[in-house]
Each structure stands twice: as structure tokens, then as C-alpha cells.
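One chain, chain A, links the two complexes that follow: it is found with chain B in the first and with chain C in the second.
Let's look at the complex of A and B:
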């Protein structure tokens, strides 16, 4: 498991995480992350082949309820605290980009 | 009327007694706490925002409509709320620049329950950004200082809530615990903090960090108040599918003292290793001695995967965080930075909005979940989690409760561990395993070394908070330590 992230891998992960780092910052983060990953080596000592994973602690069957549409009671608050509103519409950034010609 | 300093060891019951007798009104009580905050919070920075006007107005309304006979459980009692729990019409920043302008348009389930019980929300407390940290130094709005020693950290991530309690700025507080964020700051500030069984308190309205681990915890100055608060907060909630469909906790679940003195308590040997400060070990051993004198059998047990739990946690929690924090992209919440393209806007927003530790964990989590590494990291982390859970199940075959230190170290100096993330993570080494297993635990003060408090952790079986409270009450009684009262005002030249 004791793999170290390369600078290239780090750049790829940063891109996946939608984070941008200046080169110097990237090296610092790489060092930090590799420092932490090095400790994960301890887990290599364990025999985990027959062990089933636990993703979530659940003590009982999760409760279920009908798929019903409920009226949201706080509509005014939603508009009151939205960054930009015109009438009862939210103003959001433009997400459709111009096609390059 | 008295002043807060004379209320040092007051419980809710004591405040209610005075309110019933008319010694002071709810409004006067609230004003006392607000004045205390005004006098001392400049030194410790426990609060990110206060709701002074509304809380005073609400206090007047409560007083005017004072019920006849028995008061609702938290009637007229001020409470401080960690800033990652949504309180309608109040900021919820999560200690992050990303949410600096976010005002919650709705109440978390716990807030609805607190309000229905008559509690008064006094303000929102400081925290490590998105609850990622063990010292409250990762807040985008500046660190909180430990009221018992201003050069030191209050622990984290619920450091603001713990410091507010310790400095007597509020009699009650809420925190959230993902890997120890209620218990560790409670220990560092000499107060009480409960992490409930996973699923016993609704997470609806708690800003998610690692959903399979996050729990809202009750914090107070005395065990008695922690019980009252937990009774109000717990219980099923249709809006959180991970919330167990069980009734709220009732103090009737706490066994009587004579039953507590007949139990067997486990001492996990891995929690007393060479890495633990010897003064902490000594103080906790004194508690064992007191318990033995009362007839409680203390036996050594082993939790062999304790050390590995920390590593597994730093795979699992960042993996979940990287997914949960993907929602902060500049479109729906908080900060929005400009960009020429949509991808650029996402990237600029996240780069500007998140602090260093949050970025570190997002990178770690994204890597652990990325193609080719899932089996090597995330799957492995989940398997270790199974082993950690089994360790506890086995230990609980032979004993009713476990007793451990909360942290291997004393509150450290501000800045002491910020350059080495792993050293910072080690402060939670004894609170992480139980969080991974989903079992409940409480942190109570069991003494001081010099002026620094020592936290004792009591861990119990799932949904058996009653036993934990029972033993916590007994230990509190046997030790009879006064609640903290730091001399903050004298530093500003005023009398105390």
C-alpha cells in the first residue's frame, strides 16, 4: 500500500477535486499528503482478506416513508437569503458556454 | 440577583429554582450571559456570531408566558450552538470562508427540539473549518483560545462550544463529533461532552463532513445537564434515514447507583501506552482506585486494532468529506468566484473558499476514492472499521463500560502542531476508534495537572448511554471537582 503520490498524480487528483494550486503550493501539499499516506502502511500488516467492509453503522432497518411530495414551509426564507433574486426567481451563473468557432 | 461567578456549579435545575422563586427573570439571566460574553470573549473568541437582540426578545416573551407548575426541560436556558448546525435566520459558516455569507433558511431537527423545550439560542460558536481539526486553529475567522490557558488551544473541532462553557459564557452548548470533536475539546476545557450512539440524534440540519461518522453531541458544565440536553435532542426523525427509529433517551434508563457499583469496567491496555502523558495516566488511575473502593471491578481488556483505527479513519473520513464537500462549487451555496468557464468558476470558488486542512483532506479523500486506488485505500479502511467494531463487541462481552483517557496529551500551545498534520491527528487517537464503531462515549473532567484539565472517557454499548451517565454521575460525585472558572476578567483590569 505504501505508494507515494507523484507530482503528476497530485495534479490529476487536484483537477478531479476542482482545486487549483500554484507549483510551490502543490509541492507542499504533495509532501503533506505523502507524509500522511506513509502512515497507512501500518494497515498492510493486517490480514484483511476474509474481513467484510463496514461502510456505515446501522443498528436497525433504516426507517422508510412514502414517496410523497411535501410543501416546503420556508419558501420566503429561501428567497430572502439567496444571493441574487429577481421577483421569485434565483439568479445563477451562466453555465452554458459559447461553442468555440 | 447574584452574578454568574456565583453560579459556577449551577445546573439547569438550580437556574430553574431561582427563576421559579423570581430571584431573577429569564431576561436578566440572558443579560448576565450576554454581558459575560461581552467582557471575556474578546480574549478567547468562542463565538462567531451572537443573536443578542432576538434572544432578549425571546426571553421577554418566555417570561411573559411563564407556564404554571413544572417548566419545560430547558425553559429560559441559554445555549451556544456550533456553527455547523443550521439555526433558522442565523449565519451557519462552518468556520469557512466558503459559507461566510450563508444564513440558514430552516432549523435543524435538534434546533426545533431545543426551541420546543424552551431553550434560548444565544449565538454560534467557532470551530475548525467544516469540523476538520483538533484545535479550532483551522477556523477561517481566527482561532479560539483555551479559557484555562490563553496560550493554548481549546481542542477541536467544537472548540468554540467547549471554550464558551468553560468560560461560563453559556451553561449549555451543542457540538458535533466525527472522530472526537465533542469529547476532545470538552477534555481540553474541563467540561462535559457526549458523543451519542450513531443514529440516536438526528443529523438533519447538521452540515455534513463524514456522514457515516457525524453525530451531534450534548455539551455542558455538569453531567446532570448533559443528561437533560440529551433527553431533548435524541429520538427518531423521518428527515434523517440514518436516525434510529427509537424513542428519545430518558433518564429512567440510568441505573441506580447501587447497580452501577456492581459492574465490571474494562481498561483497554492500548490506551495507556508509552505515548500517553504520564500525568494523564496517573490521574485516571486514581479514578480506578476510587471506583475499586466503591466495589467496581476494573479489569484489563484489549482493543488490538486501536492504532490502526486512526489510519483507517484518515482514509474513510476524508473519502466521505471529498464527496460531501463537492457541493460547494459556487452555484448553490456561499462563496462564488468568477471564472471564464464553468470549470474555472468551480475551481476558483473552491480554491479561494477552502482553507489548507480542508483542501488536504479533499485531496486525500479524492485520491483514496480514485480509480485504481479504491481497493487499496477506501476498501481497506472499511475493512479495518469492521475489525475495530469487533474489538469493542468482544470487550463488551466481559465488561459493561470502558474507561480511557480522552486524549494522550494536554491542550497544546497555539501553533505547536499546525505544521505537522499527523501530530495534530494524534490528539484524537483515543476518540476515533469508538466513532468508527458508532458507540457512545462521554468525556468528563477527572482532575488537573498544574492548571490544565484531564479528560476521562467512558465508552458504552450502543444505545446504552444510561450506563455511561450512571458511571459519569458517580465519578463526578466521588471527585467533586468544581466546574472551571477561569479568571479572564482580571486580565482586563476588572474585579472578579
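Let's look at the complex of A and C:
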């Protein structure tokens, strides 16, 4: 199978990621991404029947934490990254399109 | 052809009962807290902060999946679900995609008097989003406020296959699901407080072979609103079909105040979440021995328990069903039975007097001041006819208020039960003398007059007479006087 991303698809991905690019930038990305896809096609030619899908290269069991609360002591400092804080709320432009999920 | 075929599938989110959030150690106890007091760099999505999984989340989610008779997948993989919304600080939600916790489960429940089963498509975990407020005295014009206290709280999502056929079935499934997650201690399942949330997919078709257009209904905040929203939506779709108008594939919101569903505002783009495995979180292997350990923590579930109560204690299905709905109530019942061996009588008292008192005090049975032994002690007295049912109800009410043991309340209130026949005979005779009209009425065939006379005896004795005995004595006296 040979798959290539079109410029339209590239534009859509950029739009979903809320990133704005000039047409020439998009064309450059398109070339890069299609290069990556071509590389996958090379991998597809390998015999991988015995290999299960890998989403990560590490095989160790990941670290976890127990269910104990540990309060973050510097939470007030987080407010400094917000453009506006009122009554402890982070203030954002009004959103109405989507109901709270 | 007038027939309509209704198909409903439900997606339920339950908040898991953990102390700490899913990927950080902030508290999950957010209700009533000041905004943004339970936050840290992880749950506010600050750059560089890394998630570390709370083990308890997996344990509770696996317990849920096992209780819903799912197959558990050997590997847990977390995916990023990408979308932009201010309540989601990272720009993605950590969720699951092709490796959920469990798949292909079954839930059995009773609806409309018969046993139904719904297939569970998948059970997966994900983090909750924050909360937005759109109005408030201090909010500037055209802005919203974000509170991240809820952000990162673990949820388990339970998705059914489209196996439900009516709003009644959907409601009854939901009641059973809530009962199960509460039994296993995975969630408190409180819909009003938002720890159980339900979305529905509804379609109506005129042909049994093909599904109708799928409409998603959201924003239902109680069992009652799920029922009414589905009813409304089905009627709406039927009306469109009858007029041969098209049904749009869309998301609609239930408007509780207007009793209708309304199409969600804004352009309905096909959702494109661009899921991919979260590189910050490694896949987690589920070992068979861990599964065995978790399986051991699952208690007898409501439906099996109900069936056992029907066989073992000879309880009618309806009563047994109510008794087992809350694990704590069923536990209390069985604990009490160890000391008072009359299941039918105990069941009646539990379902009427005990539940009535709990409702009035707005508490659950574990918060009440009475123990199973206390209730057993009281019922033994009623059973031996040492006190009347009426007196016992009063004592029970007192027990719920002040705690205390039955005998102490009886002594404190100076309640003595008149079982002495001779003493009661005297009162019966006096009552008859004082109420010649009622006696005459009774003798001319008015049954009601007898109840009046019993009432008078109870009044004179301040409710301390055994009404059965009073009735017998009255009858004896009235009939001999003829």
C-alpha cells in the first residue's frame, strides 16, 4: 500500500492542532511527513508476524504511586502563569459552543 | 407498517473512589472546595510535569470490569485524546483507545418484570476535566472562569452495545449499574453530584433489520431525566419518521426546565481526536496473579444476592430487589437475621419503618445510630407480643434519634405493655359503658364502630395495649352483652 498525505489533509491536521502556517511551510511539512510515511512503508515490507505492536520501547513495569494525598505546597505560584485570575478562577475568553463534559 | 424499533446504547462515566487524583497526588475531595485549591503542575498541565499513575485506579477499574463480566486485556495502554477546550489544560485528555481495561461484558437486570441482559462493549479509564463557570458577579464581560479542582480525577467509562429497547430498560440498567459500582466500592454513583454521568445514543427505525440514524443525547443529571429525555427523543424521532422527514445525526442536550432535547449549538464537525499512545506513560502489564487478587475482592453482586434471598429467605422478588439494591442495607438485614430469625417480618420492617426513618433523617444505614442487634432486640419483643407494633414503631423512631438500646428507651419512656388480660378487661368494659352509641352501631352491623372502640382503648392506655388482645376482649364483651 502506498499512502501519501495531500496538502488538504496537511491543512486539516494543522487546523485541528490550532496551528497557522504559510502555504510554503505546509509544503515543507508535507514533504517531511511523506518522507516519514515512506519510511513506514519500508518497515511494512519486513516480516513482523511474530512481533506484537509496540507503543513504547521500554519493557519495564512503569512507576506508580499509591493512593495517598500529598498536597502541592506551591499551588499559589501556579496563578502567576495565568493571564488573568479573579476570585481564584483562571479567566478565559467565553466559551459556549460545547456543553461541559 | 406502524411498527417502530428503538435502539439505545448508554455511555456512563463513574468517578472512581480514590483519595488522590489519577496521575498526581492532589485530593479528589473537590465538592464545596474553593476553586483551584486542589491543583499541582501535573493536573494544570504545566510544561515538563509528568504523570505517574495511581495504582488504585487500575485496581478499581479492573474490579468494575470483572463485576461486569468483561474479559480483561493483559496490557493497559494510555492514549492521548486531543481537543482544545479551556477545561482541559494539556490540550488532550489521557484516556484509552485500543487497549481498554476490559471488553465484551454482560450486565443482567430486571425490567418490566422480566430479566434482561445488555452487552458491555468496553470499560476504560480516563481523567476528568476541570469545571467552567460562565457567570458570576466578578466575571468580566464575555469571559469564563476555570476551576481545575476536578481536573485529573479518575473516571471509568462503561459503554454498552445498543441492546436497550426502551427508556424503562435504560433506566433499569442504569439503576443496576449504579448498584454494582456501589457494591464493589468503585464509585458512589451519585448522579446529582455528578459522580455518575450518562450519555445516550438513540435511534428509531421502521425496519427491524436496519438501525436508524444515531442521535446522541447528553446532559441528563438524574435517573428521572434519563428516562424522560429518552422518551422525548424517541417520540421526536417517531414523529419525524411518520412525516417522512429526515433525522439528522447530531448531538442533542436535554433541557431539564423545558422538558425537551435541543440540538447542540455550533458546527458539528466530525470528531477527530487524533488518538495516539501517550509517550509519557508506559504500557502497564496486568499479571494473572493481580487479577486473581482483585477478583477475590468482589462481593456477591445485587442480582445473585436477590435470587439467593428469594430462595433462602422465601422473600417475594419485589421486596428482595429493594432490599439488595444497597449493599449496606442487605448486609444489615443478614446481620440482623442472625439474631432474629423471621426473614419476612424483618424484611417488612426494613422496607417500611427502617427505610422511612433513614429517609426522614436523610442518612444511610451505616450512618444511623442503630445496629442490627438493636433492631433484632426490638423485633423479638414485637414477635413475643410484649409490645405492640405501634409502640415498637415509636421506639424505633426514638432509637434512630438517640441511639440507645431498646430496653433503656422502654424504661426511660415508662412504656409498659399491658398484656395483663384482667387489667385490659377492666378498660374494655369502661370503654363500652362510655360509648353506648358506638356499641349500638356495632351491634346493628357497622364494623367501623369496632375500630373506633379499639381506638378508644388504645387512647386510654396511651397505645400500650396489645391491639389484637384489645380487639378480642372487645368482641368477647360485645357479643356476651347481646
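Here, the second predicted complex is superposed on the first by the 72 of 101 C-alpha atoms of A that agree within 3 Å, B and C clash if a C-alpha of one lies under 4 Å from a C-alpha of the other, contacts with A are read in each partner's own complex, and residues count from 1 in each chain.
Methods note: contacts are C-beta pairs under 8 Å (C-beta built on N, C-alpha and C of every residue); 3 or more make two chains touch, one makes a residue touch a chain.
Predicted model, so just to flag it, every value in this text is computed and none were measured.
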| item | value |
| --- | --- |
| Partner chain in contact with A:16 - chain B first, chain C second, else both or neither | both |
| First (chain B), second (chain C), both or neither touched by A:65 | both |
| Which superposed partner A:35 touches (first chain B, second chain C, both, neither) | first |
| Partner chain in contact with A:81 - chain B first, chain C second, else both or neither | both |
| First (chain B), second (chain C), both or neither touched by A:89 | second |
| Chain C-contacting residues of chain A that also contact chain B | 13, 16-18, 55-56, 58, 60, 62-65, 78, 81, 92-93, 95, 97 |
| Chain A contact footprint on chain C (complex, rising order) | 18-20, 24-27, 34-37, 39-41, 44, 46, 52-56, 77, 82, 84-87, 129, 131-134, 136, 138-140, 142-148, 218-219, 253, 264-266, 272, 274, 277, 279, 281-285 |
| Sites on chain A touched by chain B in the complex | 1, 3, 5, 9-10, 13-14, 16-21, 29, 32-33, 35-37, 39-40, 42-43, 46, 48, 51-60, 62-65, 74, 77-78, 80-81, 83, 92-93, 95, 97 |
| In the complex with chain C, residue positions of chain A that touch it | 12-13, 16-18, 55-56, 58, 60-72, 75, 78-79, 81, 84, 86-101 |
| Chain B residues within the chain A interface of the complex | 88-89, 101-106, 197-199, 212, 236, 238, 241-246, 305, 307-308, 310-312, 314-315, 322, 326, 329-331, 336, 341-343, 345-348, 350-351, 354, 359-360, 362-364, 366-367, 370, 373, 376-377, 379-387, 389, 421-422, 425, 437-438, 462-463 |
